[in-house]
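Here chain A shows up in two complexes: once beside chain B, once beside chain C.
Coming up: the complex of A and B.
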């Protein structure tokens, strides 16, 4: 998995590319802890180039949401394909993490 | 079609193992459209076998047997652990469990496939999908 991070309108955007499996989730967690330590409060994960998410990926997203909530911030996700959106819905994770249609909409409403 | 493969209980080997199996299973358009769910179920079942069944003991194997006949895909995953009480699995979508970091694997498998069965005290999970 490739992870790139940039800041747009005070929101830290984490762009993922590939699959969010076991090893990739460990990598995402590491990258997230680094930006959290640097003071990121509002974090948006862009899933446009993500083709697969497993339970390890879902767990990492929940943990990120919990850590940001504790720090007074929040986590959002955008550009999620229909298969992955289905996963968010059946596991009800969409009730914990706000999902935006695309990045522009996310940054406008975050 | 029949496939019989095994892998040692190492998390870092799962992604490659699942991808190689999926390439052999999903070839027709209907199989490709079901590929996400098959991959999800296979992936989660093997993670469970490696982590919870074989307790990540590299000396223990996860055995995967796949048959595809008359539009039905049957995948059996077997570990060499002590088994588990598959009749008492907490529901991960109740409010008290929603934020827990573990416990979604089996729920995802059940949602991704058409039928799920257990045998041998939970050491074997058999997952089926109509293609």
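Coming up: the complex of A and C.
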């Protein structure tokens, strides 16, 4: 999995590419801890190029959301395809993390 | 083993996309079991939640909500073990909703209670649990006074609710708290003085208990008049009685009228 991080309008955007599985989740967690340490408060995860999210990925997203909340920030997700959106809805994660249609909408409403 | 789970999850999600819920839930359950064996409870919770979701999606007109609620409960337990009380609370809530749809009210009652308890734990763990903060986020960045005060107030009110009536699902707790209040008040009365029939005397424990029960139930015969600080205790006991008796009746009706 490829992870790229950039800041747009004071929001840290984490763009993922590939599958979010067990090993990739560890990588994502590491990257997230780094940006949190640097003081990021508003984090947006872009799922446009993600083809699969496993349970480890879902667990990591919840953990990220909780860590950000403790730091007084918030986590959002955007560009989620219908299959992954279905997973979010089944596991009820959509009630914990705000989901936006696309990146522009996310940055406007974050 | 991790590779096997990965394959299982990919296959399960494929089945889920094709709406083949039976196959998907079987694989998600197996994956959850494997994660449990590995001690990865948060991942196990997710897989159990996915299996529960398969049952719920499959349910429709069939009576399968009971199974969905069983899997939601399992997901909640795993989330609880991993220390994620917020997610556990949400899973118990959904388990409760599924139990209610299946007219299984004992399960609903238990899940409702556990959901509230997990939420209460999540409030305090968010404030004090430093497990997730091991990466040393600057302390000022972590603390938002408004949120802290809000969480503490909510935690205190939920703790009182839990102790007094188990969030409306434990009427026996109300009886217990009522009895404790009667006993402690009686012990205080026994230290002071009563006036009965124009005679001032120091009451024994039995007389104090009698007066305490008469006060908390608002019977108020008027045959005994408390003196000194006993008057204050009597007022406080009577005030507490205003809340305890209706709480008991409400929780009793709430619990037993469902059957």
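Note that the second predicted complex is superposed on the first by the 110 of 110 C-alpha atoms of A that agree within 3 Å, B and C clash if a C-alpha of one lies under 4 Å from a C-alpha of the other, contacts with A are read in each partner's own complex, and residues count from 1 in each chain.
Everything that follows uses one rule, which is that a residue touches a chain if its C-beta (ideal position, glycine included) is under 8 Å from a C-beta of that chain, and two chains touch if they have at least 3 such contacts.
Note that the coordinates shown come from a computational prediction; the quantities given were computed from them, not determined experimentally.
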item	value
Overlay on chain A: chain C relative to chain B, clash or fit	clash
Which of chain B and chain C A:39 touches, first, second, both or neither	second
Residue contacts on chain A - larger count, chain B or chain C	C
Partner chain in contact with A:71 - chain B first, chain C second, else both or neither	second
First, second, both or neither for A:54, with chain B first and chain C second	both
Partner chain(s) touched by A:87 [first = chain B, second = chain C, both, neither]	both
Part of chain B, among the options 23-31, 41-49 or 59-67, whose backbone runs into chain C after overlay	41-49
Common ground on chain A, meaning residues reached by chain C in one complex and by chain B in the other	21-22, 52, 54-56, 58-59, 62-63, 66, 83, 87, 90-92, 95-96
Chain C-facing residues of chain A, complex	21-22, 33, 36-37, 39, 52, 54-56, 58-59, 62-63, 66-67, 69-72, 83, 86-87, 89-92, 95-96
Residue numbers on chain B that touch chain A, as the complex places them	11-12, 14-15, 36-37, 39-40, 43-44, 47, 92-93, 98-102, 104-105, 107-108, 111
For the chain A and chain B complex, residues of the former touching the latter	19, 21-23, 52, 54-56, 58-59, 62-63, 66, 83, 87, 90-92, 95-96
Chain A partner contacts - residues on chain C that touch it in the complex	2, 5-6, 9-10, 13, 16-17, 31, 35, 40, 42-47, 49-50, 53-54, 56-57, 84, 86-87, 90-91, 94, 126, 132-133, 135-138, 141-144, 147
